[in-house]
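Starting off with a structure, shown below.
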């Protein structure tokens, strides 16, 4: 036994020597930079382009998991060992980074480098990089969803491809004609596929918002929001054009992570689907798909939901000055053209979406619908969020209530009213904890807490 | 417990020495085991089959791929430095397992075989730390790693996982089943605790050690959260972190995830097959008697 | 028990290597978390750090979500006895000298290897409301035995197969939003699905291996002697095997309670995201959410310590029972 342990020990020591030996030497004379973002082929290409353009840098990716994304960065930064750059995925995430003190205010720095974000970048994505008038991050891309069309399924049904602008009534008719059943009456092809987590999109489409009055009140119990959620519910249970949770689970084996709908659509199980241009990153891998895009039916005064990432510099990084060069890169032509080519959503800098290469990608001539992707951004608006409640906590409350609506167990009105009440309770708790927010809240409303 | 009762009831009238009885019992065991084992094999075969499918077919019910995409496996290696992740995972898990077994066995020996004042109280306190959920100690632990300058290093991956109450508790329970007469006899022969530990107790704990080794290796090989926040460099990434690449919001290459998962568990199966033969009835005492 | 001087010193020597690492990486952080559980520590800098004594615990007692998730956690532990008994039964089968025993052992352990994405995807397929193997079998039974005709004749509304992972129903009718039960919630749902899956994974897994190791440590002489005395199989098991396995069983029961009360994290994270309507969210997942998503580290530590207290009490009860019943 003793001998066994000794031998194992020796083997391990030997392995350690090997591990030491195969450690790659840090590149000579290069400045190392670390960027936390999600790991995928598109991101790696963006990194190697940066390294090609800036031979004095060695930029590397540190992957962000779908879960535990933000906290990794925050923990690391607060301990003084954070990455040089990291992405904020929403305005409320940017707020969390700023409030925990890890985001560097780069307003002056960018101005010094002659970058005018407010002039160059699509307004819809600005809130992900700007908070209370100060610039913290440069938008890496922008996404506004539209409706994907599977042209082959339309052809098979003898239906003309939809064209915008159109109304929800027209949409439902088309979707119903494209919902096909088998001889036993089961739906085998859906007219419309949509992730349930798109509910904030619908609330905006129907003219509602998540929060009202500078975020001091939850607005999910507004008539518009209730109508929107009721509409999503009806698409499943009244019009039968969109898969119910049971249909969705029945349709295929995989799911989760919110990427299920892309794969169902790619597999031809739906004629239309609500999604972004970034779906192409996946859909290009599906052979023989014949795609089109049409805008979502919109009422005259309502907005589409815009989302995207913004890259933030770590305030505690010893190389934060150098890290700024990455933001400059994100503002430049090479990067933005690459984003458009990869279909990693749409470039955040407006002017690069008006080039012939954007409209007609030479590698993918069949993608003749890029104009739609650009045009919908004009009607995009970022999420309205509230500084007075933790976004994740509010999300947990809403997910719970909306799950019950999705399962047809509770009416939209009841669920949203309960959700709003619970969010207000959570807000009261947050205000109790945070004196600075208390002052702010009082200034805005003249009240101590939401009632 | 009723299931065991049934087995006893089913005992046939023929005596235990009868050939027919033995034969029948073996066949019954085989049939029962085969049926149960088949249900265990299903997910695994499904995973292997999915790893050969084109992406479109992973979602479909047909278990067999229409085209066998053997190159899925190559693509895993092309897209990420998979060999490096492989090495790291095995390397880290092996070190943890080694240290865990050694230090736990020593501590367990002190708790199970040595007599000293306050032993049981210390042990209970020690045990109590198992009851704290790991998420909470993550933040202080991370701070410790920062202070010790162990971030982004193999040492940082190995050391915090290498000591703990779990292994001690497990091995202590094993050592309790060893008859006290054995080490008393050795003590009378003038053996020191250190000698008794290595020559009497450890060989008798072989099954326990192997079990602990399997658990520890498995647990650390698949560990996700700690390496995620600790490691920044690509060359230190372990398999669970490396595999995030195939599962981003931009799309999930499920077929490649499956291929990577299949390769992921190969070392585990090898380890298990090699290690489990030490968990056999009667080996230990035979060794001591001889 | 007489503590002898040289044994104390030896004990110290044996404990030292483990205790050094343990002190730095476990005991220290644990004490630290105890300290922060009475603070309002929040990762947002705008919230000034304060000691708030039992503030977190008081808040916790009126936190409805916490109690709902505690119910979930306890409910999910219902499969534990079945899994442990199954493991023991399987271990006894697998401790025989059969041909090909390595293959069997490995096959039964496979689910433990195959954890993660692959396993979750497979179970999602098995729980598929229409095509899944489980519901295919249930529907077949309903059709073949004309269950619905019988139920309707008795004035019932007819039965259908559960929708498993999508349903908030459960066997004791717990409601999704309040800590109470109602008839409408009676049935099988996501939680039951997780329990069944848990049993399937656990039965041939770690506990089986522990029992196997425990069985291998029983001197064959003991069983042989009992058999020579003419004891039947059951008697041998009752009088020899079971008492000899007592320390192993004790370990398994204690660890299962600890694992169960701290558990549900992986399934929630990978398979259900805690849904539908929070019914598969467990206390461990809630702690994670509070600490790492809502950044309320102090509050999360308080939940952990409350959980700790529960586990500690249960373990001490186990300990008492263990020393009485198991002759330990």
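As written, the chain order gives the labels A, B and C, with residue 1 at the start of each chain.
Just so it is clear, a contact is a pair of C-beta atoms (placed from the backbone, for glycine too) under 8 Å apart; a residue touches a chain by one contact, two chains touch by 3 or more.
If you're wondering where the values come from, they're calculated on a predicted model, not measured in any experiment.
Each of B-C and A-B has its own count of C-beta contacts, and the greater count is at B-C. The greatest centre-to-centre gap from chain C, using C-alpha centroids, is found for A.
The distance from the centre of chain A to the centre of chain B, each centre being the mean of the chain's C-alpha atoms, comes to 38 Å. Centroids of chain B and chain C (each the mean of its C-alpha atoms) stand 17 Å apart. Of all residues in chain B, those touching 2 or more other chains are 61, 102, 139, 247, 254, listed in ascending order. Each of residues 68, 71, 253-254 in chain A touches at least two other chains.
In chain C, 121-122, 125, 131, 291-292 are the positions where the chain touches two or more neighbouring chains simultaneously. Within the complex formed with chain A, the chain B residues making contact are 55-56, 58-61, 79, 87, 91, 94-95, 98, 102, 139, 142-143, 146, 151-152, 154, 198-199, 202-203, 206, 224-225, 228-229, 232-235, 241, 244-245, 247-252, 254. Chain contact summary for the complex, chain A toward chain B: residues 1-2, 5, 8-9, 12, 15-16, 19, 22-24, 34, 38-43, 60-63, 65-66, 68, 71-72, 75-76, 79-81, 83, 252-254, 257-259, 262-264, 266-267, 278, 281-282, 285-287, 344.
For chain C in complex with chain A, the residues that touch the partner chain are 40, 42-48, 59, 120-122, 124-125, 127-131, 163, 165-168, 176-177, 269-271, 273, 275-278, 289, 291-295. Considering their complex, residues 1, 3-5, 7-9, 11, 16, 26, 29-30, 32-33, 36-37, 39-44, 46-47, 50, 61, 99, 102-104, 106-107, 109-110, 114-117, 119, 124, 126-137, 139-141, 144, 159-160, 162-166, 168-170, 173-174, 176-178, 192-194, 197, 204, 207-208, 210-211, 214-215, 218, 222, 240, 247, 254, 257-258, 261, 265, 268-269, 272-273, 276-277, 279-285 of chain B touch chain C.
Put simply, chain A touches chain C in their complex at residues 67-68, 70-71, 74, 78, 96, 99-101, 186, 245-246, 249-250, 253-256, 390, 392-393, 396, 399-401, 403-404, 406-407, 409, 418, 429, 433-437.
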